[in-house]
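Structures follow.
Both complexes shown next keep subunit A, but they swap its partner, so subunit B is in the first and subunit C is in the second.
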Partner chain A sequence: MAFPHRPDAPELPDFSMLKRLARDQLIYLLEQLPGKKDLFIEADLMSPLDRIANVSILKQHEVDKLYKVESKPAVSSSEQLCFLVRPRIKNMRYIANLVNADKLAGRTRKYKVIFSPQKFYACEMVLEEEGIYGDVSCDEWAFSLLPLDVDLLSMELPEFFRDYFLEGDQRWINTVAQALHLLSTLYGPFPNCYGIGRCAKMSYELWRKLEDEEDGETKGRRPEIGHIFLLDRGSVDFGPEVTSSDKSLKVLLNAEDKVFNEIRNEHFSNVFGFLSQKARNLQAQYDRRRGMDIKQMKNFVSQELKGLKQEHRLLSLHIGACESIMKKKTKQDFQELIKTEHALLEGFNIRESTSYIEEHIDRQVSPIESLRLMCLLSITENGLIPKDYRSLKTQYLQSYGPEHLLTFSNLRRAGLLTEQAPGDTLTAVESKVSKLVTDKAAGKITDAFSSLAKRSNFRAISKKLNLIPRVDGEYDLKVPRDMAYVFSGAYVPLSCRIIEQVLERRSWQGLDEVVRLLNCSELAFTDMTREDKASSESLRLILVVFLGGCTFSEISALRFLGREKGYRFIFLTTAVTNSARLMEAMSEVKA
Partner chain B sequence: MNTGQTCRRVCSGLAWMAGLEGGDTGHGWTGSGGNSLLLPSGSSQAASFGKCFLDRFPPDSFVRMCQDLRVLNAVRDYHIGIPLTYSQYKQLTIQVLLDRLVLRRLYPLAIQICEYLRLPEVQGVSRILAHWACYKVQQKDVSDEDVARAINQKLGDTPGVSYSDIAARAYGCGRTELAIKLLEYEPRSGEQVPLLLKMKRSKLALSKAIESGDTDLVFTVLLHLKNELNRGDFFMTLRNQPMALSLYRQFCKYQELETLKDLYNQDDNHQELGSFHIRASYAAEERIEGRVAALQTAADAFYKAKNEFAAKATEDQMRLLRLQRRLEDELGGRFLDLSLHDTVTTLILGGHNKRAEQLARDFRIPDKRLWWLKLTALADLEDWEELEKFSKSKKSPIGYLPFVEICMKQHNKYEAKKYTSRVGPEQKVKALLLVGDVAQAADVAIEHRNEAELSLVLSHCTGATDGATADKIQRARAQAQKKMEGLEEEPLETLPTEQW
Partner chain C sequence: MNRTKGDEEEYWNSSKFKAFTFDDEDDELSQLKESKRAVNSLRDFVDDDDDDDLERVSWGGEPVGSISWSIKETAGTSVSNHEGREQLKSRNSFSSYAPLPKPTSTYSLSSFFRGRTRPGSFQSLSDALSDTPAKSYAPELGRPKGEYRDYSNDWSPSDTVRRLRKGKVCSLERFRSLQDKLQLLEEAVSMHDGNVITAVLIFLKRTLSKEILFRELEVRQVALRHLIHFLKEIGDQKLLLDLFRFLDRTEELALSHYREHLNIQDPEKRKEFLKTCIGLPFSAEDSAHIQDHYTLLERQIIIEANDRHLEAAGQTEMFRKHPRKASILNMPLVTTLFYSCFYHYTEAEGTFSSPVNLKKTFKIPDKQYVLTALAARAKLRAWHDVDALFTTKNWLGYTKKRAPIGFHRVVEILHKNSAPVQSSVFYGSENDKSEVPLPTDITGVCQSGGRCGHKVELSHQVQVP
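Entry: the complex of A and B
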């Protein structure tokens, strides 16, 4: 069932080594502060840390109490305080407040700040400005690659997206380059490199520079992974806005969980059937007890029962999760939502969809969903027509408060929600209407905006790459035919299609038009150097690097592609994201 | 070579070798000198020959000794004049000997020795070349271009050579221009920056730092620039370097809000300035007057940015804030910071319908929104009487299905049924199904002859009581089917009329 890998699928490299490396380094850093100490952990680092080292490991290395770094200061009585944080200025302030309060109280303690994955000069600057640079010792925990699954590595840097694509802040590029460098030292050189986007190109160049400075190490080694593909979310950004059929749970889920391994890539409509089948099997196995003699029974209890119990527990967990998702999905609203999304993708009933969005906003259904729909409309239609742009924004502000003026300014800057240039793709009637509504000044703004706004050209790309497959009859989700199955057959994620095409050609050749439409004419690159040494096995392993995050839908789609073509994909992403998180990153919230 | 001679040589060679095993044969060795790095003939040749007669003699020590002797011989040459004994040489180590040669500017010999001894490049040749380059930059009579070119020609990109070190030396000799030229050859931008800063070439340092892609380096330069230049010049420099600018902005956002404002001012970036004041209006200011003032500044900025939409929205917000304040004073409760929608909802929930209507008019809330809003609020209050009154106040702009839906959400079937008759024909089936009237829904669907509606009703026929309804639908379907087929087979007028 589900996605068994083809028998000839290449073996994945063992990424658990990354975990061990990170753990050992953390322990080393903790041991640098001998004796009992309290550990302050930033909330974002808690779950990654949990996958690396649990509480008992921390306790073994004399961590006494654990605190969360948050707005209110914690009261700790320990003589040694250790902070495990991301390099953010707000954390520096927090630490400074704590240290300065101690100073006022005439108390001396030892402080150690461990930055993960690296420290930034700006942070040290703040410590200095706050007058505590001499009181704390700083260290780096170069933990930048967390294996979330056998084929999924996450840098756990959700802020990458906002920092780079909205604020233009490039500080994480270096972290990415370092991570790539680590991967290539551990898993051999990558003979074929492809990439698209400014951020991808910068990361690639910086990584190459690092390799050159430390040359010799990977030379002569046989590559384990044949291809690396760098994509950035700035150029390939209309995938995550569509509701997908993935399930997400706040439980550690990965391939080690037997049940999940079998269902994770299934389209949602299949999951329930699969689970009930599974439940029946389980029951049958339980039922075997009947008619056993004592000896068999003993055997059963000692050997199989534990396994069955475990499976039982997992199964009830998944069924529970399934139920709650089903509940959400079968609601009328959800059906309408999906219908609207599909209509937007295919570009029909635009007016109807727009009024659906308006109603969505008016009824305060969900601030994030509304934003997402507006962005989807903007992307698929090359920007909103001026009248809708104004009215939807007005409605949104009335529903959710004026601070979202800033949200809209963010979205415009990121090119996610823009205004059409007048007369661009408008029908004559509509442009007349919009002229009546907008006054002269607004027209000027429109001009200014649309020249700033990035053109997305969704329709042209979608046609060129056949992103919206024409399906005759019902799309059978039980037997997926192409990558569109992740979106119920409605849409193939752009990123995945591009990867497919480039791998087929082994270059960007013939994709000039697509690259131009993505505004990446100068930014698509290939670098093939050491092909000869690569084994055919390694050439079917592909590392895909998503700068700015990737969605589970994209991962599922590529896993599907891998099965079809005999490849295996390995994913490296700055964070696993989804449309809601993307929108949240762009939203302005009152503190 | 006659036999006697050979014999003698072999003997002395053997003796030499015996001593070698004792470890001190080299003492007091006086070779014939001559060409540098030539193997002294004589005993060692003999030893080489004699070695052939010994079994299992490891060649390493012999080779090493020969090499050492060659080196000693070379430095003993009268041009060089360092007469070292073997033990002196061993005491000094080769590194020190090389240093001495370098100090005497005997670069070529030092390099030859390194190459001969196959010393690793970083310790050997590169180091000496670097020393040579450092000496070269002190030659004041040679022009900057020539020196730089000469150095680059010799050094190329030999590993381990740090052009920045050489440049630092050049700068130490007061040759700033030469230093900059040399830095051009430095492949690692990170190494260029500190020296450029030291030489007060901060702007060049900034572009080099940006080139390196290392944001920490950029930041270092920025702070340097900030102290070195006056504010205006600093801002102007930033303006031409977008990468540095966004980095600095990020820093200011957390650490120096006022600077951020100045940055936007400098660029006449009114749009961002407006956003800045909007943020201040809820993040920095506490008093209502302060907040309104911040919004006013924001609105002015938006006007300057020709963003009329944002300006108008901001002005609306100012009005709303003042009004919310008044509501709090007069009615009690919390109104500040609610969105317009929530403000009106709160008013209705508090029973202030008049005020709510007034607010909706003042802020030109569209009819549709107002209806949704009132509907939800009244249902939350379970004020069914008011809801009915409201539904009859005029024709609903959102239809009547939402009325049915909201009543059912509150599990009030009785109220819901009141509205089903008013639901428009397209949504009638849906409404009837919502209130659980499957039979009537079936009738309507049959009347509409709508296949989708028929299936929808059929899927709701679950209870035992719905059996009849289900049959009815199936019959209707079958008839419709027949009729379709009939249409194909027979002319229309022959159809029996009682079928419908």
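Entry: the complex of A and C
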């Protein structure tokens, strides 16, 4: 039922080493503060931490109590406090308040701040300003690669997207370069590199610099992974706007869960049938108990029962999950939503779709969903008609609150939701601008122009790359024929198509027009080393780096491509994301 | 999964309406249902107290005994228990987690690296890590001699930037001439590391007058964006506004100023603050939104004070029957309109709290108004008002039904609030604007279902018990 990999598919490297490294490093850092201590953990770090350590490990290293770093003041009686945090200003203020309150009360304790994945100078500046620099010791826990699955590494940095693509802050580029450096130290050099986007290019350059500074480590080693592909979410960002029918769950799911391993890449419509088959099998196996003699029974209990029970439990979990997904899908006029999205992608019935969005807003249905639809409309139509933009914006503010004015301003800056500029002359200006936007000239072009340059050319790209496959007759989701299956056959994620094309050509050759339409003329690069040490197996292993996040749909689509072509993809993303999370990141109003 | 039989039935019955485009969707639903039954029926065989290696997952998604789970427990106890500190202490302590079902059987990790967790093996681990720079920035004593070169003055801009990137202590004080400072900044920008760019900017901000700093950054956009983000993050609003003013980015200036209202909790103060936003150089369109924001909050404060008083007095039937669930302050306009349709529907246009007044003041479109009023009146089961919403008299005196919104929506809302079949609004028109007199009742529609698209949908959804 699950799509098997081709027999010649290469083996994946063992990434569990990364977990071990991170855990050992954390233990080392905890040991730097000997004795009993209370540990304050930032909420965002809790679930990554859970994947590599657990309470008993912390306890073994004399962590007494655990607290969450939050706005409330904490009551800890320990003599030693350790903070495990992301490098954020608000965390520094939280710690400063705590330390200064102690000082005021004449109390002396030891404080240690562990920044993950690295400290920022801005944080140290705050510690200095608050007068506690020197009272607290600082360390870094370079935990930036969390294996979420056998082929999926996450940096768990959802803020990457907003920080870079909205604010233009390059603070995480070094983190990415460090992570790539670590990977190349552990898994050999990467002979072939491709990339597209400004952020991709900068990360690549900084990473190369790191390698040059510490050369010799990977020299002469046989590469395990043949290709590395760096992609900017900002250049290639139409994909995640579409509702995926893929399933994603909050439970810890990965290939270790046998049932999930088989269903995870299936289109949702197939999952029911699969689960029902499983349930029947299970029933049959349990039923075998009847009519067994004692010896057989004993055998059954000792050999099979445990496995069956485990499977049973997994199965009930997944059926429960399916139920809740079904509930959601039926509740929110799902079919109508999908219809609208597909119409937007293909560019027909724009009026009808616009009034669907309008009604969506008027009914105060999910604010994020409404935003997402507007962005989809904007991206596919090269911006909204000014009249529509005004009226949708007004209704949005009336339905969800006037402060969303700020959200609209953010979305416009990020180029996700814009107004159509009148007249065709602009396309000419635009292509001129995109030619002008080289690294050097970028500095001198005003913001107005750069937001213009970000405007999408969705239709042209989609046509050029055949993102919306022509389907004769029914698209049989049970037998997927291309990567579009992740969106019910309606759309191939742009990022995935680009990767496919570049890998086929082993370069950007012949893709000039696409690159130009993506406004990345100077920002698509390849770098091949001429060494032939790479085995044919390693050349079919591809590391894809998503800067700004990737979606499960993209992952599933590429896994499908891998099975078709005998490749295997490894995903490294700054965070696993979806369109709703991207929208939330752009929203100014925090709950 | 602990759903009772009744719930389950209700769910399956209510999910009749189509979610998928697949033809055999009913089939799939029943498959799922069947699988569920099968699995549930197996429950008897599976006792939960055996000791296999399976991870337990709470419904929040965290494995029981995991770190997130423990912290939630800590938080739970510290919130609910402010008094008993001693009790709190003992409840928060790790020892209380000992009797957890399976603290060690989490297959998340220990089983993974079994053998690695033996206390003895850490020695080697720390050894292995000893050459990774364990940075401790505060105490400089006892460092190897070479490290003192950190303070020497001979680092070139590129060396300095490289050291900064590696997180090493590095003094910038020797960069005193403007030229040196700018060279340092350019070096940082060319390295692409935002953290280093910010570090240099912090130094420049401290050692240059803001006019010079702004002037130099205006031609260095990458650095400028970093400074703007940095000022936003540390909350240096004053300097940020000065910067926007200098750059003549008036709209950003206005938005930045406006953003601050989010930090003001007190409604009166917030209102006063919004007043200061009204004259700012927003786009024409946004200016109107800002004005509306101010007016809305102003109205909400009046309505809130009045209604709180009425509710407390206990004389008004409406508030006694339907106590308010939350304050109306800072709610969106549509929510305010709903509230006003709910509690103040019949008020004259002259009062601030009347729906008609809101509609006029904020130029709420008909469509939005009808939709909201309908939802509010249907919630109260004021079917007479619902009818009236769709009734218009033409100049000959005939009454007609019309609605600016699709009748399928109307029916959906009514159905949700279990409107009686007699409610004449169910006399849906297939064409919203057609002004056709509508003589049939709902049962009629149901029976004649299939005549046209809309009605099919009606009959599907309005299966009134």
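Observations, loosely collected:
Here, the second predicted complex is superposed on the first by the 553 of 591 C-alpha atoms of A that agree within 3 Å, B and C clash if a C-alpha of one lies under 4 Å from a C-alpha of the other, contacts with A are read in each partner's own complex, and residues count from 1 in each chain.
As a working rule, contacts are C-beta pairs under 8 Å (C-beta built on N, C-alpha and C of every residue); 3 or more make two chains touch, one makes a residue touch a chain.
Just so it is clear, the model here is predicted, and its values are computed rather than measured.
Superposition model on subunit A: subunit B and subunit C are shown in a clashing arrangement. Contacts of A:Y121 after superposition: both subunit B and subunit C are touched. In the superposed model, A:Y133 lies in contact with subunit C only, and not with subunit B.
Look at A:G168: by the touch rule set out above, it reaches both subunit B and subunit C.
In the superposition on chain A, A:Q25 makes contact with subunit C only, not with subunit B. Of the two partner chains placed around the shared chain by superposition, subunit B and subunit C are both touched by A:S409.
In the superposition on chain A, contact of A:E156 is made with neither subunit B nor subunit C. Subunit A is touched at more residues by one of its partners, and among subunit B and subunit C that partner is C. By the document's definition of touching, neither partner reaches A:D44: not subunit B, not subunit C.
Contact with both subunit B and subunit C is seen for A:L397 once the two complexes are overlaid on the shared chain.
After overlaying the two complexes on the shared chain, residue contacts for A:E359 are found with subunit B and with subunit C alike.
Comparing the two complexes, residues 89, 120-122, 125-126, 163, 167-171, 173-174, 202, 205-206, 209, 213, 359, 362-364, 390, 393-395, 397-403, 405-406, 409, 442, 444-445, 588 of subunit A contact subunit B in one case and subunit C in the other. Contact residues of subunit A toward subunit C in the complex are 16, 19-20, 23-25, 27-29, 31-32, 41, 46-47, 49-60, 63-68, 70, 74-75, 77, 89, 118-122, 124-126, 133-134, 136-140, 163, 167-174, 202-203, 205-206, 209, 213, 249-252, 269, 272-273, 275-276, 278-280, 282-283, 286, 306, 309-310, 312-313, 315-317, 319-320, 322-323, 326-327, 329-330, 334-335, 338, 359, 362-364, 390, 393-395, 397-403, 405-406, 409, 442-445, 447, 477, 488, 588-589. Residue ranges of subunit A in contact with subunit B, taken from their complex: 89-90, 93, 120-122, 125-126, 129, 163, 167-171, 173-174, 177, 202, 205-206, 209, 213, 358-359, 362-364, 390, 393-395, 397-403, 405-406, 409, 439, 441-442, 444-445, 448, 588, 590-591. Remark: subunit C residues 1, 11, 15, 17-22, 28-29, 31-32, 34-36, 38-42, 45-46, 50, 52, 54-55, 57, 61-63, 65-68, 70-71, 74-75, 78, 85, 88-89, 92-94, 97, 103-104, 106, 108-110, 112-113, 116-117, 119, 122, 125-126, 128-129, 132, 134-139, 162, 164-165, 167, 191-199, 202, 219-222, 225-226, 228-230, 232-235, 249, 255, 258-259, 261-262, 285-286, 289-290, 292-293, 296, 330-335, 362, 364-365, 367-368, 371, 405-406, 409 touch subunit A in the complex. Remark: subunit B residues 188, 213-216, 219-220, 223, 242-243, 246-247, 249-251, 254-255, 271, 275, 278-279, 282-283, 306-310, 313-314, 316-317, 320, 337-341, 363, 365-366, 368-369, 372-373, 376, 398 touch subunit A in the complex.
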